[in-house]
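Both of the next two complexes hold chain A, though its partner changes from chain B to chain C.
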Partner chain A sequence: MTRNDPIKHVFIWPALLIVLVISIFPLIYSLTTSFMSLRLVPPIPPRFVGFGNYAELLQNPRFWHVAWTTSVIAFIAVALQYVIGFAVALALNARVPGEGIFRVGFLLPMLVAPVAVALIARQILNPTMGPLNEFMTVLGFSNLPFLTQTKWAIGAIISVEVWQWTPFVILMLLAGLQTLPDDVYEAAALENASPWQQFWGITFPMMLPISVAVVFIRLIESYKIMDTVFVMTGGGPGISTETLTLFAYQEGFKKFNLGYTSALSFLFLIFITIIGVVYLAILKPYLEKHK
Partner chain B sequence: MRKFLLGSTAVALFAMSGATSALACDPDYTGVTLSATTQTGPYIASALQLAAKGWEQKTCGKVNVVEFPWSELYPKIVTSLTSGEDTFDVIAFAPAWAPDFTDYLSEMPTAMQSGADWEDIAPVYRESLMVWNGKVLSQTMDGDVHTYTYRIDLFENPDNQKAFKEKYGYDLAPAKTWKQYLDIAEFFQQPDKGVWGTAEAFRRGGQQFWFFFSHAAPYTNHPDHKGSMFFDPDTMDTQINNPGWVRGLEEYIRSSKLAPPNALNFSFGEVNAAFAGGQAAESIGWGDTGVIAADPKQSKVSGNVGSALLPGSDEIWNYKTKKWDKFDHVVESPFMAFGGWQAAVPASSKKQEAAWDYIKYLSSPEVSGQAAITGGTGVNPYRISHTTKIDLWSKLFSEREAKEYLGAQKDSVTAKNVALDMRLPGYFSYTEILEIELSKALAGEVTPQQALDSVAAQWNKLTDEFGRDKQLAAYRASMGLPQK
Partner chain C sequence: MSVRALKGNGRWWALAGCLLWLAFTFFPLYWVAITSFKSPLGVVGGPTFIPFVDFEPSLSAWNELLSGQRGQFYNTFIASTIVGLSASLLATAIGSMAAYALVRFDFELKLLTALLFVIVAFGGYLIGYNLLGLRQGPSLVYAFVAALTLAVGSSRVRLPGPVLGNSDIVFWFVSQRMFPPIVAAFALFLMYTEIGKMGFKLVDTYIGLTFAYVAFSLPIVIWLMRDFFEALPVEVEEAAMVDNVPTWRIFFGIVLPMSKPGLIATFMITLAFVWNEFLFALFLTSSRWQTLPILVAGQNSQRGDEWWAISAAALVAIIPMVIMAGILSRLMRSGLLLGAIK
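And then the complex of A and B:
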C-alpha cells in the first residue's frame, strides 16, 4: 500500500467519524446549549441568549465564591500532597526494611472510592460519636465543629483529599526517584556533599520534570472535587465549602437549568486552562534550565 | 361407556381448567405488560415490585418496574410525557413535580373514586394531593407528614417531672406549642450525660427546609386564608419573610443550639440515628423516626418511643391584616412535608385500564398496609386503616408505642388545619435558594430576617422568570383553590 493509495480512506474515515461522534459532537452540543436558555424544570422552550448565561454567571457572586473555595482546596491540598508525597517517596526509595509492606499500605487510600472515604471521614469527624472527638476530648477539646464551621470544614476536606491522593504522588515520585542514576550521588558523596545538599542540588532538580507533571495532574483533578464535599458538608454551611463541580451539579441535576450549567462547564474549562497555562509558563524557565 | 367416561372426564377437566383460569385472572390481563417507572430502589421501587408480584398472580398480566436514579427520574418522565410517547404506563413521582405533569395525565376511573377503599384514604390526600383543578389525576402511594417523637422514659421520670415543673411552672408532657418544645429541649440539654434536647435536620441538601417549614407552619398557615402560607394566592408575592416565617426560623435556629454539637450537619438519617441512639429527648420528622427508634436491633430507646402531633400555636400571622391573630386554643397545623409519592397513568398510555387496575391493587388497604409495615419500602401510612389496625404494627411497637404512633399519624393527616407542602414548577430552584440562606442563618452569618428577606427577593425574581401567571395558576391548583 502506497502513501497515496485510496484504500487509506477506508481505514481512516470510520475511526475519525467515531471520534467525532463520541467526543467532538457532545462538546459542540454542550457549547451550543451554553448559548441557550434551556430549562427542564419547569419546562421552558429553548431560546438563544448568546453570551447571556456567561454574563449572568460572571456577575454571580456565588460563582466567584465557589471558584475561590475550589482554588483554596486545590492549591493547599496539592501543595501538602506534594511535600508529604515527596518525603514518603524519598523514605521508601531509601530501601528501608519492609519497604514493600509500607508501599502497599501507603497506596491503599487511593484505591478506595472517594464517596466511601468521605463517608468514613464523616464518621471519624463526628463531634460526639467519632473517635477523633474521643481523642480530642482527652486533650480537653471536646465536640469540635469539624464539618459545621467554615474554616474547620475546609480544613477537614483538605485533610481527606491529602489522605486519599498523597499515595498517587508517592507512586509517581517513587517511580521517578528509582530512575535517577547512582553515579551522580556517588560523585557528590566524594565531594562530601551533605544529604541536604544532595537533595537540593541533585534530586530536586532532576525530579523537576516529573514533579511538574504530577502537580499538574493533581491540580486539575483537585479542581474537579465533588463527591468528598457532597458527602462531608453538602457545600455548607451556606455555600462556604461549595466547589465548582458541586455548583454545576446543583444547577444541572437539581434545578435542571441546562443552558446555565453548560456555560458553567465551559467557564470551568477556561478557568482550568488558564491555570494550567500560567502554571506551565511560570515553570518553563526552570524546566529549560534543568533540561 | 368407557369412551363416554373418558369424554365426560375430559369435558369436566376442561371446564375446571377454564374455571381455574377465569378465577386466576381477575380481571384477565393475559398478554398485557405494563411499564412502571420510579426512582432507584429500595424505597418506593420495592413497593411497586411487591405489588407487581401480587398483581401478576391475580390478573395474569406483567409489570416491568423501570428504575432511574433520582436525578434522572424527572427528565425521563417529563421527556416521555411531553413527547407523547407511550413509554410508561405507570409513573411514581414526587408530588412537587405534579404541576409539570398534570397536563399529560389521565383521570382516575370514576369507579375508583367511591366506595370503602376510597373513603379509607386520608382526606388530605384524597381531596388535595391527588387532585388538580378538580380532577383526580394521581393516587397517593406513600404518606408523608411530620410528627413529633419523644422519649417516654425521660418524660415520665418523676425526678425530671418535678424539676421541670419547678423550672418552667407547667407539667412535663409532649409539647403542644413550639415554646414548650424549646423549653423541653433546653431542660434535657445535658451534654455531660450524652443527652441533648432535640434532633432535627439542619444540613443543606439534607431535607433541612422541610423541618423549617414544620416550624413555620403553625404561624403562617392561617385557617381563614387557605393556601396563603408560602405565597399570596392573589398576587403570587411570596410570604416567606413575613413575621410568622421569621418566628419559625428563629425557633428553628434555637432548636439547632439545643441539638447535638454536629447537628448543623444532620440530614434526616442522622436525626433517626441520634434519636434511636438515645442522644435526643425529643425530635420531629417523618414516621421513619418512630419505626427505627422502636426497633431493638437499631435502637437504644426501643420500648420508650412516644409520638404526638407537631406542636401548634395560638397565634397565627394574618397576611391580609398584617397582624397576629390570637386564638383561644392551640391550632394544630401538622405539615405534610414532601407530601408522599404519587402514582399516575400518562394519557399517552395505551393500557390505561390495566395500569389503573395495577395502581388500585398497589394502593389497596391490604397491599399498601403490608408495604407500610415492611422495612425498606419507604411507604408510610396514608390510609385510615393503616393507622387503626394496631395488630399489624405489633411486630414493630409495644402497644402504647403503636397507639401513640398511629394516633399521631392519623390525627396529623386528618387535622382541620393541616398544612400542605409547596408544589410549584421549579420547586427545587425555590428550595435551593432557601437552603443556602437557611444555612447562613443557622451558621449565624446573617439574621433570620436578613436571610428570609434575601429568599423573598430571589423567590419573587424566580417567579417572574418562570412566568408569574403560570406559577400563580399552579400554586392555586396545588392548594386546592379555584382558578382566578
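And then the complex of A and C:
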C-alpha cells in the first residue's frame, strides 16, 4: 500500500540532505582533481591535464598488479566465506547439538575492529614467537615466512578475511534458511529424497536470491580492504600484497599526488561497477528461472 | 522436531564441523586475552598457552594501560563511546524515518531534476572556484544551495523524461557505499578544513565526526529498516488511518513500537560499524576526539611489537562488542532478524 501525504517529505528530507551534503563534495572534488595535475608536496599550481592521469595509470604495471592482487584476495576470500558460511548456517538450521553456544560464538569475529584483528593475526603468525609456528614445528615445518613471502602473506590475509567475515554470511543465510517453508521438505521426505538431493533440489535454488545479495555485498566490501593489509603486511614484501585502497593511500598521503589518487579512485569505482554488473548479468537467468 | 533436523550420523559430522569452526573462531580471541596477562618476558620466551600451568599471569600490561602510560586511554574510550552511541542513535532515527517513507509513500523524481542538480552543483563549484575566485568552501556552499533550490523548483514544473521511483532512491542510498572510502575520507577532511576557515571548526570535533558517521551509516540503516517495515502488517496502520490518526502519530505510536526488534538490531549493527571504523577517524580527528581503533593501531607503530600492551589495548576495543554479540544473538534466536533480508 502506498498513500500520499505531504508529511512524507518531512520523513525523507533529513536523510536525503545529510547524504547529499556528504557525498556530493567528495564526488565533485575528486572528479575535478582527477583531471588535474595537483601535488601538495612540493606545492605546484594545479594544471589541467585532461585524461592524462587516467592514461598514466592504465599504463602503470603497478596498477594492474594491485588490481590483480585485490581481485585474488576478494574472490578467494568471498568464495571461502560463502561455502563455509552456507555449511555452518545449514548445520545451525538443522539444530546441531549446542547451537545456542555456536550462534553467539560464530557472530563474534564480525564485531571485532579490523585493526585489532590484524594485530592479533600478526601475533599468531609471528615466525618465531607465535603459536602457529609452534604448531607447524611439531609438524616439522619451523619458522615459515607467514607474512614476509608473497604466497604465504596473501594466504594469511585471505584467512583473516575469512575469519572476520564468514559470520556475516552465516547471519544472513541463517535468516534466509529460517524463512523457507516446511511443507516442501515434508513432501520431499515423503518421496524419499536424500539430503543431498534435497539440498540441490530445494534449499540451494530457494536460497539463490539471498546468496546473490550476500556475495555481492561481501565482494564490494572486500575490494575496499585496507586496514587489515595495512597493519599485517603494509603491502609488502615489496608491493606484492598491496591492494587498491592501500595503493591510493600511498599515492595520496605519502606522495600527496592528489590528481593521480583521484583518478585512481575513479578507475577503482569503474572497476567495481563492471564487476558488479557482470556478476549480476551472469546470475540473472538463474534468478529468473527460479522465481 | 522439524523435518529439516539432521538424523543419525549426519548430526555428529555437523557437530564436529561446527566445533572445528568454533575453535578457529575462538583461538585468536583466547590468544589475545591470555597475552594481555603475560609479562614482557613471558611473551618473548616463546608461545605459552594455559595460565597458571605454563606461565604465571601478570597484570603489568593492564596497569600500564589504565595508569595512562599508553596514551590518553580514558579520554579515547569516552570519546569512542559518546560518538558511537550518538551517531548510531541519530542514524537509526533519521534512517528509519526515511525507510518508512520509502516503504509507505510514493516518491517521484524526474531524471532531469536529478541531472540538473548534479550539473548545477558541478558547474557552480567550477565557476565559483575558477572564474569568481572564491575559495573552495564558499563556492561549494553556494553551488550546493543553488543546485538544491533549482532542483526543488524544477520538480514543481512538469518535466519530460523518465521518472525515478522509490526503488531508484533506495538504490542511490545504497550505492553510496560503493565509493572508495579513502577518497571520501580525504575529501571530507579537505571540506572540513575549508569550512573551518569559514569559522566552524569541524576537524577533531564531536559534531564533525558524528556527522560523518551518521551520513555513512544511513545507507545501511535505510536498507535494513526498509525490509523490517515491509514485513509489518499494513492493516493496523490502515485501521488507524480510518480513524484519522495523523501520519506522524501512526509512525511514532504504532509503527516504531511494532518494529522495536528491528530497530535494536539495526542500532547495534550501526554501533559496531562506527565503533570499529578506522579510516574516517584517522583523517577527521587528531587528539581530543580520537577513537579506540586509532589508539590500538598506534600501540604498534609507537613502541614496536610489545604484544602484551597491544593485546590489552585491543581487548578494550573488543570487549564491548563481545557483550553486544551476546545480546544480538539473543535477538537472533527469537527469530527477530527474520525480516532483515528477503
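We adopt the following convention: the second predicted complex is superposed on the first by the 268 of 291 C-alpha atoms of A that agree within 3 Å, B and C clash if a C-alpha of one lies under 4 Å from a C-alpha of the other, contacts with A are read in each partner's own complex, and residues count from 1 in each chain.
Convention: a contact is a pair of C-beta atoms (placed from the backbone, for glycine too) under 8 Å apart; a residue touches a chain by one contact, two chains touch by 3 or more.
None of these values were measured; they are calculated from a predicted model.
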Chain A residues touched by each partner, larger count belonging to chain B or chain C: C
First, second, both or neither for A:P45, with chain B first and chain C second: neither
Touching partner for A:I84 - first (chain B), second (chain C), both, neither: second
First (chain B), second (chain C), both or neither touched by A:A189: second
First (chain B), second (chain C), both or neither touched by A:V112: second
Chain B versus chain C as contact partner of A:T233, first or second or both or neither: first
First (chain B), second (chain C), both or neither touched by A:G140: neither
Touching partner for A:P61 - first (chain B), second (chain C), both, neither: neither
Touching both chain B and chain C, residues of chain A: 122, 126, 128-129, 253
In the complex with chain B, residue positions of chain A that touch it: 39-44, 122, 126-129, 143, 145-150, 230, 233-240, 250, 253-257
Footprint of chain A on chain C - complex, ascending: 1-6, 10-11, 14-15, 17-18, 21-22, 24-29, 31-32, 35, 43-44, 46-47, 49, 94-95, 97-98, 100-102, 104-107, 121-122, 125-126, 136, 140, 143-144, 148, 173, 176-184, 186-188, 190-191, 211-212, 214-216, 218-219, 222, 234, 238, 241, 246-248, 251, 272, 275-276, 278-279, 292-293, 296-297, 299-300, 305, 307, 310-311, 314, 317-318, 321-322, 324-326, 328-329, 332-333, 335, 337-338, 340-342
Residue ranges of chain B in contact with chain A within the complex: 71, 74-75, 78, 82, 97, 99-100, 191, 194, 203-206, 260-265, 267, 277, 279, 425-429, 432, 436-437, 439-440, 442-443, 445, 466, 470
Contacting residues of chain A [partner chain C, same complex]: 1-5, 7-8, 10-12, 14-16, 18-32, 84, 87-88, 90-117, 119-124, 126, 128-131, 133-134, 163, 167, 171-172, 174-176, 178-179, 182, 185-186, 189, 195, 210, 213, 220, 224, 226-227, 231, 244-245, 248-249, 252-253, 261-262, 265, 268-269, 272-273, 276
